[in-house]
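Sharing a structure, written as structure tokens. Questions coming.
Chains: A, B and C, in written order; residue numbering restarts at 1 for each.
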């Protein structure tokens, strides 16, 4: 198989425009005869469904939640990047492109990333027109904040609920099309297989999660926007239901899976508290705009804090180690996520962690100086010239509250500690997966007619994603890229007519889904699904997590294999197939995680370098920073399924950099 | 967050096989619950216990467990999302309860929210209210005017945002003695009514959404204020008043 | 139901009407109370003044018009309220096994239907007691202070006049309508402790009804503003306590006098 990324010719900045000008279109009357299935209704799926319906296609949208509005994009907090340069601080399309390429540690495609930067500004216009209430300044204009890994303020936000507001915008666009009958919505449905007819994606098999019915749905093209696979770690900031099943099923039917090992470990999450814990909660990266990260300088102080003998406030300023500011003076607390996460791990591994859990994993995120700074500024604005200490604190807290109030409340709710009074404790957690289904410039997978968008694909973030770029990519794919590129493919389908669901391929796919479900229901094992999922998560976190070694990865591959066999023998799924059965849903998802996990570890083992979210202990510089190997690894690793993850075939898409110079990423 | 002694809890949980069957409260005992665990983590532990005894686990809606997706519901100890203010069930922690306490867990109840199974109800009526007019009719081409072309007064933008934070969980309906969806509807109507972009379709929107809500079987608003107190996002009653104003002017001036 | 474009086309419109009629009835209550304060005046002067007031209230065309609007409002408020109560109940056919509504709302706000029903029963009784008797029953007539001459509606005493069929006849000639003595009916009525007790109870119900009803009417009409809400709430509370309390004081005062 030869990978063809189909990147258009011509200079970088003209590629997308020229391409759009020459792409084939489907005339409006013919669009009415074409069906498109969209799986997932987050920012990518939701915006794609709405736009395709707007263009005139008949859309069938699927989500496992009870409403499209609940897709996990809703939990994105901090913001969305766009090269608007409203702040006049030197931003431009090129700079956003450059930051994203550099932030991704030179492991993404130039053309895709440039297109992303190009359409970013449209997204903001579109969302404002839809009524998305972005934060504004007193002049009534849009406000921006700064995010990790960049030197400009280009992040648009809606308090700490940007993802929610953008998703509700996409959902409202969907509502408009649902009302018109252009989108047929299938809530509480889970895609369990894709149907391929004559080499083209022509439908899916989905399970109605209320009745348990297995349904066949046909279409001329299938779009997967089902998100990332962070839940392979069991504990992550993903929603409980987030899963890899749609992506994995298409992988098993021929779509290549790219760079599975690129995982983003987000530096600011609430630390693990105990064994009953079901998930981790993110504290937005935007907090690093104002929060300072530190651990005690003296190891005995850290110990005393863990034991509850000292509090953060008891540690004198000179005894605090603001390690990000120390190690990376130019970016300080706003280094990219992978760098911040590893730095936290380094300190905690060295014994300076401040949280009393099994691994002492946790560092402080302190707002005391921000409260002082804002308090003084507010006092001046209010004409108070000699404010008392209390006045400054109270004014400062108000400013901090207006910026991050909901995050602080959430933190307080989870930990029972008041972050206005005492620093937050945070630790990295699995958050986002840059890897995903391999797609070409059209966002089409290696299966014709099968597309992957948003976090489900691999295309734009390379080995590390910058903050506030996930929302940008999801909406760019769904609103502005896929609706164009899919026309090029569908132009051939105007005379195809309705695809019948009676085709043998549908029956074959349905039978295989049914047989899998029957296996689970009839397998009277002895352990619950979670038992296996937690075990898989531990293997992944300990051996395929923030830092990886060849020996650890080899062990992980073996352990996952054993665990997978045990799972199929011993998993216990109560209830029946023809009812609402969440344990069965979990079982079908964990089965796929158990295969993906192995490929994930294999990919990490093959990649003998450190780049972005992938850190191999064997490959680091003398001062502990990641060491990339551009000579041998400037490629996308795309895996072809052949029956077992261990037998997957590696295809390499070489990455060509014609517009940026590959440099060692430095945030010092 | 030191490990404290676990709590022993008695649960009275509503069990109902499906929409057609009759349900009843069933009693469960669960011991050694960490006060730091969330209510749903306690329910997970209960389900583990049930599965190990070959029972049928309690089915409940949940997803993000960060209080933002609006999936989780549950009427806990006589209140939607339980006793704590401004939190969803997934953000409710066991430290809010006493060791040895008996906790009642029921589904959200309303004619418009039929029970699907156990604690899961069908809230698609809320979606249908949105289909009726919960959008601005702008096409998704991105060829609109520049985002900064219309400055919006910060106070109004902030209020629109406050209304827009509704997560559509349905707690307002569950709390209301009349199972009214007024707070939910009014939040959406307000968000758009406060923004210049939403003005164009304001009249039709409020008429259509209100009509749909009644057809779904939601009750009238009695202004008891229960919804505002129980709303996990603190959506204000001011929005209902705004909806009432919008509806009045739309009724008087529409054809 | 919502298809119709009628007067009550939606729950919200029904609530507008509740609010409109409710606020009008609050105005009415204020006026009614002002008139009733005259019952606290003692002696013949008080009796005369109250009866003259009764004449004014039943004969002045403007007042008459207003009274019809009041009756209509009461009937509309009651019927509308019943329709709303039915809709309220229908929206939750299966109630909670365990509920703590006191955690999120005040008792009156959840029991407006019950309170309204008590008030409606009270209004019927009250109308029967006084309005019906005054209009159609056998009422005593008002005499001058010496008790030897009947009074006309305008207050002139007709020495030697005889009352027949409600009119005063002097030497067989009808000189005008006689003034009825409502005051005595009231005084007599409130010698019955059961009736006094019922009136007091009804006024307590009215108080609770108003505690919620007053501010709720503003909210239903969309009159909600963070700046004025506290004032509306406070005025509503004060009104709900003071007005029914004075109303209730009248039968108690008369019982003990």
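Quick note on the criterion: contacts are C-beta pairs under 8 Å (C-beta built on N, C-alpha and C of every residue); 3 or more make two chains touch, one makes a residue touch a chain.
Protein identities per chain, from UniProt: A = succinate dehydrogenase; C = Succinate dehydrogenase.
What you see is a predicted model; the values in this text were computed from it and never measured.
Set against the C-alpha centre of chain C, every other chain centre is closer than that of A.
Of all chains shown, the one whose average CA position lies nearest the global CA mean is B.
Chain A and chain B have Cα centroids separated by 26 Å. One simple way to say how far apart two chains are is to compare their mean CA positions; for chain A and chain C this gives 66 Å. Separating the CA-averaged centres of chain B and chain C is a span of 42 Å. Those residues of chain C whose C-beta lies close enough to touch chain B in the complex are 1-2, 9-16, 84, 87-88, 90-101, 103-106, 109-110, 112, 212, 215-216, 219-226.
Across the complex, chain A is touched by residues 1-3, 17-18, 33-34, 36-38, 40-42, 44-45, 48, 51-52, 54-57, 59, 61-71, 84, 86-87, 91, 93, 95, 116-117, 120, 122-124, 126-127, 130-132, 134-148, 151-154, 157-158, 160-161, 164-165, 167-168, 191-192, 195, 197-198 of chain B.
Within the complex formed with chain B, the residues of chain A that make contact are 47, 50-51, 54, 65-72, 74-75, 84, 86, 119, 122-142, 158-159, 161, 163-165, 168, 171-173, 175-176, 178-179, 185, 187, 210, 237, 239-241, 273-274, 276-279, 281-282, 308, 355-357, 409-410, 413-416, 479-480, 483, 528, 530, 572, 574-575, 579-583.
On chain B, the positions that touch chain C within their shared complex are 12, 14, 25, 75, 77-79, 83, 104, 106, 109-112, 175, 177-180, 210-211, 214-215, 217-226, 229-230, 237-238, 240-248, 251.
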